[in-house]
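Same chain, two partners: chain A is paired with chain B first, then with chain C.
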Partner chain A sequence: MKASAKVYALHLGVVALLAGLGFVLPEYHFGLLSRIMVLAVFAMGYNMLFGYVGLLSLGHAMFFAAGLYGAGLSVIHLGWSVPAALAAGIGCGAVLALLVGLLALRTSGVAFMIVTMMFAQVFSLLILYFSAWTGGDQGLVVPQPARSLALGATTLDLTNPATRYCAALTLFTLALFVTLGLVRSRYGRVLVAIRENEERTRMLGYDTFSNKLVAVVVSGAICAASGAVYALLFGYVGSNFASVQYSILPLLWVLLGGAAATLGPLVGTLFMYYVTDITSGYTSAYLLIVGVALILLVLFFPKGILGTVRQRWLGWLP
Partner chain B sequence: MHFGPHLLLATLEGLVTSAVLALTALGLSLVFGVMRIVNVAHGEFFMLGAVLAWAISTAISGHPALGFLAALVLAPLVVGAVALVAERLVLRRLNYNPEGTIVATIGMLYIIQQLALTFYGPEARPVEAPFSYRILLPWFGYSGYKLSVVAASAVLLVATWLVLTRTRVGLIMRATQYDSETAQAFGIPVDRVYGGVFALGAMLAAVAAVLIVPISQAHYLMGQDPLLLSFIVVIIGGLGSLRGTVVAAVLIGLSDGIISMFFSPTLAKIIATAAVALVLVFRPQGLFGTTPR
Partner chain C sequence: MDKKPFDLSKSRLTRRTALKGLAAGAGLAAAPGFVRYAQAQSSAPIKIGFQSHRTGIGAAYGRWYEKTTAAAVKAINAAGGINGRPVEVVIEDDGTDPGRGAEVVGKFATQHKTDIVFGTLFSHVVIGSAPAAGEAKMPYFVVSEGHHVASTKLNRYVFQPGITDVKSQIQSMAPWIAANAGKKVTQIFPDFAFGYDHRDYLPPALKAQGADVIAQIAIPPTESSFTKYFPQIPAETEVIYHVMVGPAVLTFVKELGEFYGSNRPQLFGFIDSLEAVDINSPGLEFLDGSHFWEGSPRYAQADDSAAQKAYRAAVGIDDNGAAVGDPKDVSTAAHMFGCWETLYVVKKAMEDAGYKGPEDRAKLVEATEALTEFAEGPEHPQGPKTFNGKIHQCFGIQNISKVEGGKLKVVHKTKIEDGLYEPEGDYPKQAL
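Moving on, here comes the complex of A and B:
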């Protein structure tokens, strides 16, 4: 089989597997997996920037929250329909990413990490400041009747677990193939070139700033899409999604699953969620076990799970 | 109160914040500068210092000053030992890889936080100040302990500066920071320097926490804010610049105290954070740092 055929077969296989799991999983895991798929998209957006361009941001929670609030608030306050809210959420994320990118990309290395963290902090403080509209740290609940999608003659109720699973899977599939297409394209190679050696890429005639800026906007839009869908599917908008913790989580998921691997975000999110879930069943001190797991993983699988698999066995993994 | 005394009060409060912040940030800056790693668990070492201070001062009966002094000596030593073990067991094996160490220190953050919650509990607990002398100003009385925190922090900062610039140990640390490979070639045990610096950084955070704990209480989540603020201070001050760290800490502590007394605290934070970010964007090397090589 040709390499690219193998790649597409693998990704289609993963999507098919997730779709199949939808029929056999018990109810609890069914709900958990829907959430994991939506959050894996958040991690994919993060991976776009961190894995392929090598820019470590500590502020991606603001893009997720921009999508979350963009979609949630336009439903709650403006009474918009689901597709319009979705577009509003993604639009908010992309515009915010453009602004942040224009400023933050003037810095590099540690300064970039801190600048993105500061902007995210400003964003989360703004949410608290305008608590009259955003609900502050209490958050807001998206009313159930608003969370339905009219498709032709039928109406999809997004609060129904099965519809929710399908919606999450659709988003996940779209995001997966968008990122796969991007990283295998000419543009994706330029991004990797920037990660490996920015000076040399510039010398070869590429405008590295605008290439990076586009990557920031794409990454922000994907994260915002995840946030918008999260708000519409799970019906809650809260300021804790804009906190530093939610900026660190996607970094964690990506590093665990494997940076610069298209399936890495899914593997990392799945792993982290199930480690937390399983250990919290045994002891209330599950964070301890999560901490130990993180340290062991980084000691013995420094390239993440898929990074190690790629290094040892499957060199063709994208 | 009139504007003048109000401003004085805000300035005094800001100075106390600055003093503690300068010590914490100095610890982060040393680790950041010498080892080139981002220690996300730094705030947890701060929290550990405060929690240990509570444990030690309640274990020792008698005058509160006795317990406090014991905590001031013992808590940093214990925290330093914990940090040293963590460094030997984890960070060294990662070869100080920047990304790996971030994940590893996030892991440490979870572990320390959870252990504190399990063994110490979710309550915030106070530690009695060693003395309760109030200095009477014409407009209001002010806690003498708070002023002594500023003095103690200043003494410690000067001591650290003297160690760094005037002693052989300091010379070795600066050599490692400047160029670790060349330092190694000249027979400096870079590996042991890293262990020592990591422990020293954690100890500075612990001392700061012991000093602040009679003013604010010990709580298992108290490490979050110092971590974020220390990051800001270190970056604004410029990497590895002791003078910059102190100036930035005073600047941020004072502006935090003054702005939040006269305006809404949230708005003050928004403005301060945005300003900090913009300083970084237009002067990435910090106010006092030199351009990184």
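Moving on, here comes the complex of A and C:
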């Protein structure tokens, strides 16, 4: 089998597996997996920039939150429909990413981390400042009746667990194949070249700034799509999603699952979620256990789970 | 040695034996609690999902909420449980995080399969979890004091029957402040939602009493030093109304003391600032003589009712409001009574509804909405309350306490009517 056929078979297999799990998972895990798929898309957006371009951002919570608030507030205050709200959320994230990228990409390395973190802090404080509209630190509920999607004669209730699972799987599948297509394209190879040696890439005639800027916008838009869908599926927008914690989380998920691996974000998010969920049932010191698990993973899987699998056994993994 | 099998055919039931048996059975059945426990033996427990702030910013509250809940459940079970079934509490940590809070509600509904979810304090966790409760049609009894439930912005499954909301609390304070502390008030509050409730509700309440808020100073949540804000306090201020919360409150009080020295305006605050903090901590001396709102008094009072004394003993707090045997472990007394009282409201509503299991959750919602008042007593030791089923919120008395000799002494109790306001919506109009 050709490498590309293997790649597509694997990704289709993962999507089919997730779809199949929907029929057999117990109710709780069914709901949890919906949430994990949506947040894995957030990690995919992060991976786009961190894994493939080598830019470590500490401010991606602002893109997730831009999608969250863009979609949520347009439903709450403007009464927009779900598709319009989704578009608004993704649009907000993309525009914000463009503006942040134009400024932050003038820096690199540690400075890029600091600048993105500062932008995210400004965004978070703006949410608190405009609390009359955003609900401040308490956040707002997206009304249940507004969370339905009219498709011809059918109306899909996004608060229904089965509909929610399908919607999350649809978003996940789209994001997975968009990122897969991008990283396997000519453009994706340019991004990897920038990551490996930006100077040499520039000498080869590529406009590295423009390529990185497009990557920031794509990354921001994917994260915003995740945030927008989160607001519409789970009905809550809150400033904690713009906090630095939500900038660190996708970094952890990607590092765990494997940076620059298209399926790494799913594996990392799944792993972290279940370690937290299971251990919190036994002890309030569950973060200690999560920390130990992270240390063990770094020791034995330094490139993340899928990164190590790729290095040792499956070199064709994208 | 041969063991003979127990042979029923050889036993004879005489009339005397039968009468003895009947008499013994009747005696047991008439004994308090027996009937209910006899049924309980064949019934599964009522499972209450406790969404606890075990970690995160709410951990101090969470620990005491757990202690109070455990004490209330012990008392309820000792008296026969609910509808003859024992109560079992299942605890999940929400990390004081709204995202995790919603997941925890889902876990209670679909994995633990609890009958209700209960006990959340922090407003953002309540608001973040409410959609999950509404979608799962899971009655969600919070002990938060936020105005979010009464605002009717949540959904029909969310109730706050065991603690008053902040709007009502603020409104209740205004008459006493205007009459006793002063008529020109400057507010200092944290620049986030908790502070905004005070910013928005105090001025109209004071206006109605002939007093005015002459300045409002919002302090960013990231601030760690406050001296630069104090020159903004107008010189004619008679009362400083402060509701700073979080670790910075000690610095705030210390710097305020350094700014004013011995010649200060009256101080009025909400004890939320100092819950689980020893009032005699270094730096808090400046608060001597100042006044605080307390939901339930931290310190034992001379006129405590028998119910209040029994409640404090059951929860395990001493006369200073600290854990019995550990004077440094100061409780969150002003709020945690809400867990005790809420569980008794749940008990009453489940009994009124004839609650048998999750299929009766809608009946439980309607039975809770039908409640109107709770008399002061062992089930409601903080005081009497009324309940408005339209807005799913209770109303009760409030305490104003003065810091005297390193203790908080209640100097005034408000009336229930002081905290009443017009309903802002009507939850029962929403479909179940």
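Observations
Simple rule for what comes next: the second predicted complex is superposed on the first by the 318 of 318 C-alpha atoms of A that agree within 3 Å, B and C clash if a C-alpha of one lies under 4 Å from a C-alpha of the other, contacts with A are read in each partner's own complex, and residues count from 1 in each chain.
The working rule: contacts are C-beta pairs under 8 Å (C-beta built on N, C-alpha and C of every residue); 3 or more make two chains touch, one makes a residue touch a chain.
What you see is a predicted model; the values in this text were computed from it and never measured.
Looking at the shared chain after the overlay, A:G235 reaches chain C, while chain B stays out of its contact range. By the touch criterion defined above, A:D137 lies against chain C but remains apart from chain B after alignment on the C-alpha atoms of chain A. By the touch criterion defined above, A:V292 reaches chain B but does not reach chain C. With both structures placed on the common chain, the touch criterion links A:A111 to chain B but leaves chain C unconnected.
Looking at the shared chain after the overlay, A:I248 reaches chain B, while chain C stays out of its contact range. In the superposed model, B is the one of chain B and chain C that contacts more residues of chain A.
Of the two partner chains, chain B and chain C are each touched by A:L128. Applying the stated contact rule after C-alpha superposition, one finds that A:P83 touches neither chain B nor chain C.
In the superposition on chain A, contact is made by A:E27 with chain C only, not with chain B. Overlap of the chain B and chain C contact sets on chain A: residues 128, 286-287.
Note for the complex: chain A touches chain C at residues 26-28, 30-32, 35, 128, 131, 135-142, 144, 159, 234-236, 238-241, 277, 280-281, 284, 286-287.
Of all residues in chain A, only 56, 103-104, 106-111, 113-115, 117-119, 121-122, 125-126, 128-129, 244, 248, 251-252, 255-256, 259, 285-288, 290-295, 297-299, 302 touch chain B in the complex they form.
Those residues of chain B that touch chain A in the shared complex are 32, 38, 40, 90, 93-94, 97, 99-100, 102-104, 106-111, 113-115, 117-118, 224, 228, 231-232, 235, 239, 264, 266-267, 269-270, 273-274, 276-278, 280-282, 284, 292. On the chain C side of its complex with chain A, the touching residues are 54-55, 92-93, 95, 97-99, 102-103, 106-107, 110-111, 123-124, 127-128, 130-132, 134-135, 146, 148, 153-155, 191-193, 196, 221.
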